[in-house]
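Got some structures for you, see below.
In what comes next, chain A is part of two complexes: it sits with chain B in the first one and with chain C in the second one.
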Partner chain A sequence: MHLGIVKMIGRRILIALPILGVVSVLLFVVLRLLPVDPAAMSMAPNATLEEIAAKRIEMGLDRSLPEQYAIWIGRVLQGDFGTSSHFRRPVIGLVVETLPQTIELVALGIVVATVLGLAGGLWMFHVRGTYQEPVVDFGSTLLMSIPEFLWALFFILLFGVALELLPFVGRLSATYSRPNATGFLLFDALAVGRIDIFLDALRHMVLPALALGIAFAPSIMRVLRSSLLDVYHEDYIHQARLRGIPERTLLTRHALKNAILPTLSLMGVQFGFMFGGTLLVEVIYSYPGMGNLMVDAVRNADLPIIQAVGLTYAAIVLVINTVVDALYLVLNPKLRAAA
Partner chain B sequence: MSLLVARGLTVSATIAGKTVQALRELDFALAPGRMMGLVGESGAGKSMIGRTIAQVLPPGFRVSGGSLTFDGRDLVTMDARSRRDLLGKDIAFIPQEPLSALNPVFTIGQQIDEHLARLGVCDRGERRERALAMFDAVHLPHGADLLTKYPHQLSGGMCQRVLIAMAFASRPRLVVADEPTTALDVTIQARIVQLIREMQEKSGTAVVFITHDLKLAAQICDEILVLYAGRPVERGPARTVFASPTHPYTRCLQLANPNLSGPRRALHSLPEQMPGLLGQLALDGCRFAPRCPLVEDACRRAEPPTVVTGADHAAACLRAASTASIAAPAIGTVPAGTGSGGPLVTVDAVTKRYALGGGFLSSRRHFDAVKGVSLAIARNEFVGVVGESGSGKSTLAKLIVGLETPTAGSIVMGGRDVTDGSRLARQARLDTVQMVFQDPQSALNPRRRVASIVTQAMEAGARATTWDERLARARELLREIGLPPETATRYPSQLSGGQRQRVNIARALCTTPKVLVADEIVSGLDVSVQAQLLNLLLRLRDEFGFSMLFISHDLSVVRYLCSRVLVMWRGEVVETGPTETVFANPQHPYTRMLLAAVPPDDPAAAWNPLDEVERLTA
Partner chain C sequence: MTIKRRSILQAAALGAAGASLPLGQLLAQARDSVTIAWPTDVPSWDPNQRTVPDAQPIYKLVFDQPIFQQPDLTFGPGLFKTWKLSDDGLAFEVEMRDDVTFHDGSKMTAEDFRYSFYERVQAKHAIDVANIWRRVTDIEVHSPTKATMRFGSPYPTAAPWLGFMASYIVPKAYMERVGVEGFREKPIGSGPYRLVEYQLNSRMVLERNDAYWGPKPELRRIIVNVVRDPAARAAAVESGQADVTVNVTVRDAERLARVPTLEAELVPITRLVLLQCRNTGVFNDENVRLAAHHAIDKTALSRAIYGGAAVPLSAPVTPGAPSFEPDFKFDFDVAKAQQLLARSGFNPQNPAKLKMFTTNGHFSGDFDVARAIAQMWRRVGIEAEVEVIEYAKYFELNRGNQLPEVTVYSWDNATGDPEIYAGYMLNPNLPFSAWKEEEIGKMVTALFATTDFAKRIEGYKALQRHAVNKGATIPLLQSIITVARRKPLQMTKYGNGWVLGSTMKWG
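Now for the complex of A and B:
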C-alpha cells in the first residue's frame, strides 16, 4: 500500500479517538438529563421504593455526573456496556448479534445505491441536450424526494403483497435455522456450504436493501452528471478527442475516472447517513438488525443499549469516512502526492 | 499540390436570433512541409480554424460556406469515422495549456501508451521502446522515470514536450499548434518553438502555427495569415509581411508592440477594441474601419476586396498602398525618478522563507522564495522587475504591500519600518503603496458595481465617506483612466478584459498612493489593449505623479515603461541598473539568457536562444 495512504489512516485514527470521546460524553449527558430512572427501569414492576433506592446506590446513580461517566466509560473500555433493562441481557451480546445483520444490509444497500447512482448518472449525462433530458431530470428529482421508509412500504405492497415475488418479513424463512459462526449470515451460510440458506437470506434482504439504495441513488446520479459536465469542459478531454479517441472511450476511460472523485466524496457522506436510514427500514421489514434494536431501546428507554448503539454508529461513520478518503487517495494522484 | 486548402471558408452561428460569422471567406493553401502562422488578437477566429479542421466546433457553430480540404478530401462533409481516423494520425494538435491538456489521473506512460496503441503499435514492450525514443526526440531526459510520473509532477514546459512528442509520434502530415507557448515562460517558449520547428523539419510535416505574436510568427513561419474579426486581412511570406506590412491592422499590431533594441519609440495604440461577433453586424464596410488610422468614407461602405500587394502578398484594404505611412516616432528613454526627498520605499536585504512539508519525524526543509533582496523606489520612478515564473517576483510584490511578512530584512516607507505588523505600520503602508493584481477577472468582486469597486479604498479610511462623495470620486477616476461615466453602474462581467484592467488600475489609484505595485498587469491582454494601458500608465504618471514597481516577464514592455530594472533569478536579484544599460550590455548570464529568448526585432537576424541556455546551465 502507498505510504501516503498508511499515513492518512494513521492520522484518521488519531483524530477518531477524541471524536468518539466527545460523542460518548454527549450521549451520556443527554441520556442522563432525560426524566428516566435507570434503576427503576431495571427492576421488576412490583419492586418497592426502598429496593429501588438501594438499586440506585448499587448502580452508582447517587454520585456526581462526572463520577458516573468515569465508571461507565471505564467499563465500556473493557467491553462492558452494561445490561439491557428490557432484555435482561448484556448489551454487548445484543450489539454483536445485530451489528453484522445491519452491516450486511447496508453493504447491499451501498451496492444498490452505487450501481443505480453510477448507471443513472451516466444515463443522465448521455441524454444531455436531447428531448429526454427534462424527462430524466424530472424522474431523478422525483426519486430524490421520496424517503427510504416510503420506498420500503411501496416495495412491500408491490413485490411482497401484489406480486408475491419476495419475502418482506424477517431475516430468514422459518424452515431454516441459522448457521452460527461470525454472525454475518450470508458469509456463514456460504461457509457451511448451504447455498439454499444463502439465497433465502439474500431474498429477505433484497427489498430493504433496495429501499435504502434507491433513496440514496438520485443524489449520486446528479453529482456524477454534473461532474461529468464539468470534466467535459476540461482541456484534456478536448485534447484526447483531437487525438482521435472515440467518444465512448473518452467517457468511460478519460472522463469517468475524473468525474468519480467528487461523486466519491458525496458517497462517503451518504453511506454514513444510510446507517441512520436502517432504523425505519429495519422496523418496517422486522429485520433483526441494530436499527430495530435501537428503536426498541428508545421505546423502552433502555439506556445502556441506546448508549452502546449510539457509540457504534459514531464509530461506523468514522470508519466509512476513512475508507472513502483512502479510496479518494487511491484514485487521485494529485492528493496522493500531497498526503 | 497543397495539403490543406481553404476556399471561401465561412463559419457561422446564430446568437440572439442573428446569424454571426466567426470566420468569413477564408482562403489559404498550405503546402506539405511548410509552416503557416495564423496571427491575430483574441476573438479574431484563430482557434476556430483549428476547431474547423477537427470539426469540433463550439455548440451552435457550423461551416456555412466554402470548403476545407485535407489532401483533397473535404474535412467538412467527411463522415465522423473517417475524420477520427485522420485525427492523431495524419492531423495532430499541440495545445495552448500543456498542464491541463494531459489527463491528471493517468501517468504520462499510460497516456502515451494509449496513443501508440491507437496508432497500431500492438506489442506493449514495443510501445514502451517507442515512448522512450519519442522522449529522446524531444530532448526529455530520464524517459523511463517520466513514464511513471503524473502530469502535475512535471513543469509546463515538460508537459508541452510530452504533448509535442505525442503529436509527432505518427509522423503526421499536418500539425496544428494553437498558441503552444503562451502559457510558458519566455525561455521555455524559445525552446518549445525551436523544438516544433525541428520536429517539423525532421518529419516533413506542415504546421499551422496559431499565435498572437507577429514577431514570433515572422521569425519561425514560412508564411503568415493575419486575421481580424474573423476575416483574413493580410497574407504573404512571413518576412515580407513583417518587413513591409500592407494592411493597416498588421502595421498597427507591429507598432503596438514595444521594441527591445534600437531607439525606444512611441507605442501606436489603436482606439477601442476588436468588434465581437454581434458588434460586427453593425459594420457594413471594413471591420477594421472604426479603428483604422487611414480610414476614408469608401471603407465604411463595402467590405474591401483583397488586392495583390507583392509577390504572393495580398491585403484586404483599399488603402494598402499608404500603409507604410503609419509610423510611431522615436521618443527618448524613460525619464528617471526624481531623487529629491529620498526614496519612497526602501527594501533592505529582505528574505522570505517557506517551510516545505517535513514536520513530524521528518526533517524540516525550506525554500527561500526571496533571498536578500534590496531595492529603493524614488519619487516618480518606474522600476521594472523581470524574471521567469518562480523567480520570486510576485512574492517580492506581496512582501512590499504587506500580503506576506518577511522572514528577515526591513521594508521602510514614510520613514518607518512597516514589517512589525503594528497599526501605525499598517497606516504608513496604506498611505504609500497600493497593489494592482494580475488578473482583473478574479481581482474584481463580480457582485459589486464599478463605482463601488474603484472607491473601495475609501471604505477603509478613518474618515467617513458618503455615497455621493464616492460616486463623484468614481466618475473622476473613470474619466482619468479613459472609461465612459456610465461604466460606474456596470458590473465587472459587463466589461471587456482591457476595461476591467483599467478599473483594476483605477481602484489602486483611488487614494492617490505614492507607489503602485503592479504584478504582470498587462500579460493577459491583447497587444493593442496592452499598448493602450502602457500609454495610460505613462500619461497618469505625467498628470498625477506616482512611482511604480512593475513586475513583468516581458522585457520589451519593461524597457518601454521603466527607467531602472531588477533581474530576479531563484529569489535573488542577479543584476540591476538603468534599463537601457542592462538590456544593451547584460552582465549576468541569466539576463543574457532572458534577452536571447526574445525573438529578435528583425526576423532576418539569427535567433539562437539555446546557446545562452547552455551557457547558463553549464
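Now for the complex of A and C:
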C-alpha cells in the first residue's frame, strides 16, 4: 500500500478516537436527560418502588453523571455495552447478531445507488441541451423528494402485492433454514455451497436494497452530471477533441476519471446516511438488522441498546469516510503525491 | 468450498422458475404448515422472563401453563389436573399430570413446578415471575405430582395468574445443566411445538411435538415472521407471503375482507381502551371529571375509529368477564356535562384546561381516540392539550406522579379477572394505578384479600360502579383485534384475543 495512504489512515484513526469520545459523551448525557428510568425499564411493570430503588443502586444510577459515564465507558472499552433492559441479554451479542445483516443490506444498497446514480448521471449528461433534459431533471428531482420508507411501501405494493414478483418479509423463504457461521447470510450460504439459499436471500434483499439505493441515486446523478459539465470546459478536453479522440473515449477515459472524484466524496457522505435510512426500511421489510433493533430499543426505551447502536453507527460513518478518502488518494495521483 | 458452474446454472434456473411463479402460489403448496405474520418478537426464550402480552400466543406453542384458559375465558386443567385454594387464601394445593414430558424426553414433575415459581426467584434470576409471585413463601413438593404453594398473604387470584403471563413451567434439570443463557439459546418446553429455528426480530420456525400429552395439533410446522409494520402485515397476507396476521388497521381489515381468497374480521377481546385519570389540576374537581365522561360519545368513537366493532363500556371491564354488569350504564349526555361544568364555573368560553397524554401507534386508533375526545370536550367547555408519549415512558411517568389529568391507555387482561381490571387500575399501592385515593385504596386492599369468589366479584362490581360514578376512571371501549387470514384456514377464537397456531387447520 502507498505510504501516503497508510499515513492518511493513521491520521484518520487519530481523529476518529476523540470524535467517538465526544459522540459517546453526547449519547450518554442526552439519554440520561430523557424522562426514562433505566432501572424501572428493566423490571416488571408491577415492581414496587423499593425494588426499583434497589435496582437503581445495583445499576449505579445513584451516582453522579460523570461517575456513571466513567463506569459505562470503562466497560465499553472492554467490549461490555451492558445488558438490554428489554431482552435482558448482553447488548454486544445483539449488536454482533444484527450488524452483519445491516452491512449486507447497505452494501447492496450502495451497489444499487452507485449503478443507478452513475448510469443516471451519464444519461443526464448525455441529454444535456436536448428537449429530454428538463424531463430527466424533473425525474431525478422527483426521485430525490421521495423518502426511503415511501419507496419501501411502494415497492411492496408494486412488486410484492400487485405483481407478486418478489418477497418482502424477512430474509429467507419458509422452506429454507439459515446457515449460521459469520452472520453474513449471503457469504454463509455460499460457504456451505447452497446457491439456492444465496439466491433466495438475495431475492429477499432486492426490494429493501432498492428502497435504500433509489433514494440516494439522484444526488449521485446530479453531482456526476455537473462534474462532467465542469470537466468538459477544461482545456485538456478541448485539446483531446482536437486530436480527434472519439466522444465515447473522451468521456470514459478522460472526463469521467476526473469527474468521479467529487461524486466519490458525495457518495462517502451519502453512504454514511444510508445506515440511518435502514431504520425504517428494515422495520417495513421485517429485516433483522441493526436498524430494526434500534427502532425496537427506542420503543422500549432500552438505553443500553440505543447507546451501543449509536456508537456503532458513528464508528461505521468514520470507517466509511476513511475508506472514501483512501479511494480518493488511489484515484488522484496529485493528492497521493501531496499526502 | 467448491462451487461448480453446473450447480450455479441449476440454481439460477430454479431461482428463475421460482421468480416466474406467483409467490402466493409457491407458498400455498405446503398445507401442513402455516406462516404467521406477527407484530412482535419474543423478548427472550425464557418464558418466565417478561410479561409481554403479544408474546404469550408464541410462548404457548412451546411451553405449557399449569392452568389453561379456555376460549370462553374460563380456567380449566392444564399441567394441573386439580387445584384448590385454602379458605384463608394462604395455601394452594395442586395435583399435576403424570404423563407430561419435555421436548428432550424428560418427565415433568412437581420439582419443575417448584423450580419455575420459587427456586428461580430465590436464585435471583432476572424474571418477571419474581414480581408476580412475590407472595410465594415456599412450594412444598409431596410427590412427583403433588405440591402445595404457600403464600405470605392471601392470594385469591392464584389460579388465573397460573394461566396468565409468564406463568410457564420450565425444565429444572435442563436449565440447571445449560444455564439461563443456554436455555434462552436452545429452549425446551412441554408444549405442542418445538422451536427448531429462531432469528432475532425476524422469524421462528416451530415443528410439531409428536409426543405432546394434549390434543395433537393439525399442522406439522408453524413459521412465525416478525412483521412490525401493520401495512406490511396486511400486504403479506394479501400477497400470500403470510397465511394469517393480526392487528392490521381497521381500514385494511375491511379492505381485506372484500378479497375473495381472504377472511378478515374485527374481534372484541378482553382488552379495553380507557382514560387513566389522575386527581390533579382540574381533575381534582369531581364535576369536571364526570362532565368529561358524560361528554364522550363512545358509540361515535367506535363507529369512526373501529368500524363500530368496539363495544362502548360504562365500567372498566369487558363483556363476558365475571364482574361485567350489562345493566350499569353511564350516559352520553352533553347537556348534563355542560351543567356539571357550569357548576364549577366552566363553559366553552371559559374552558377547564387539562393535558391529555396518548401513545401514537401503540394500539390501533390510540391517537385518533385522543383527538376525537378533545373535539368532543371542546364543545362542552373542556380544552385538552394532546401530547404524544412513548408507551415505555408511561410507567416511569406514573411512578414519578408526572402523568397529567388523563392518559389514553389500553388495558390488557387476558384472564378477565376483575382484580387485574379495576383492582390493579385503582390500587394506589401498585404502579399501574394513576388514580391515588385512600377510600378506593381501602376497598381494593380488602378485595385483594377476599378469597370467596362470589363475594369478591360482588365487591368488584361495587368498586367499579363507585369508581366510575366519582370519575376515578373513564372507560371507553372494548378493544378489538383484527385478524386476517387466507381461506380456508381455520382457528379457535379466544375471548382474550389469543391467536394460537396450535389450533389452526386448513379446511
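One rule holds in what follows: the second predicted complex is superposed on the first by the 339 of 339 C-alpha atoms of A that agree within 3 Å, B and C clash if a C-alpha of one lies under 4 Å from a C-alpha of the other, contacts with A are read in each partner's own complex, and residues count from 1 in each chain.
The rule is short, and it goes like this: a contact is a pair of C-beta atoms (placed from the backbone, for glycine too) under 8 Å apart; a residue touches a chain by one contact, two chains touch by 3 or more.
As the structure is a prediction and not an experimental result, all values here were calculated from the model.
*Asks:* For A:Asp37, is the partner it touches chain B (first), chain C (second), both, or none of the two (neither)?
*Replies:* second
*Asks:* For the three-chain arrangement built by superposition, which of chain B and chain C touches the greater number of chain A residues?
*Replies:* C
*Asks:* If you stack the two complexes on chain A, which partner ends up touching A:Pro333: first (chain B), second (chain C), both, or neither?
*Replies:* Only chain B is touched by A:Pro333; chain C is not.
*Asks:* A:Ala301 in the overlay: touching chain B, chain C, both, or neither? Say first, second, both or neither.
*Replies:* A:Ala301: touches chain C, not chain B.
*Asks:* With both complexes superposed on chain A, which partner does A:Thr98 reach: first (chain B), second (chain C), both or neither?
*Replies:* A:Thr98: touches chain C, not chain B.
*Asks:* Between chain B and chain C, whom does A:Tyr285 touch in the aligned arrangement: first, second, both, or neither?
*Replies:* second
*Asks:* Quick check on the superposed pair: does A:Arg222 touch chain B, chain C, both, or neither? Answer first, second, both or neither.
*Replies:* Neither: A:Arg222 stays clear of chain B and chain C.
*Asks:* Let me check the overlay on chain A: which residues of chain A are in contact with chain B and also with chain C?
*Replies:* In the superposed arrangement, which is not itself an observed complex, chain A uses no residue for both chain B and chain C.
*Asks:* For the complex, give me every residue of chain A touching chain B.
*Replies:* 234-236, 238-246, 253-254, 257-258, 331-334, 337
*Asks:* If we count contacts the way the header does, which residues on chain A are in touch with chain C in the complex?
*Replies:* Touch residues, chain A against chain C: 35-37, 40-49, 51-52, 86-89, 94, 97-98, 153, 156-157, 160-161, 164-175, 177-178, 190-193, 195-196, 198-200, 203, 283-288, 292-293, 295-296, 298-301.
*Asks:* What does chain C use to touch chain A in their complex?
*Replies:* Within the complex, chain C contacts chain A at residues 1-3, 7-8, 10-12, 14-15, 18-19, 22-24, 26-27, 30, 33, 35, 37, 41, 43-44, 49-51, 126, 128, 130-132, 181, 184, 197, 199-203, 205, 223, 225-229, 231-232, 235-236, 238-242, 390-393, 395-397, 399-400, 402, 424, 430-432.
*Asks:* Spell out the residues on chain B that touch chain A in their complex, using ranges where they run on.
*Replies:* Against chain A, chain B makes touches at 54, 56, 84-89, 92-93, 95-97, 100-107, 114-115, 118, 150, 152-153, 163, 166.
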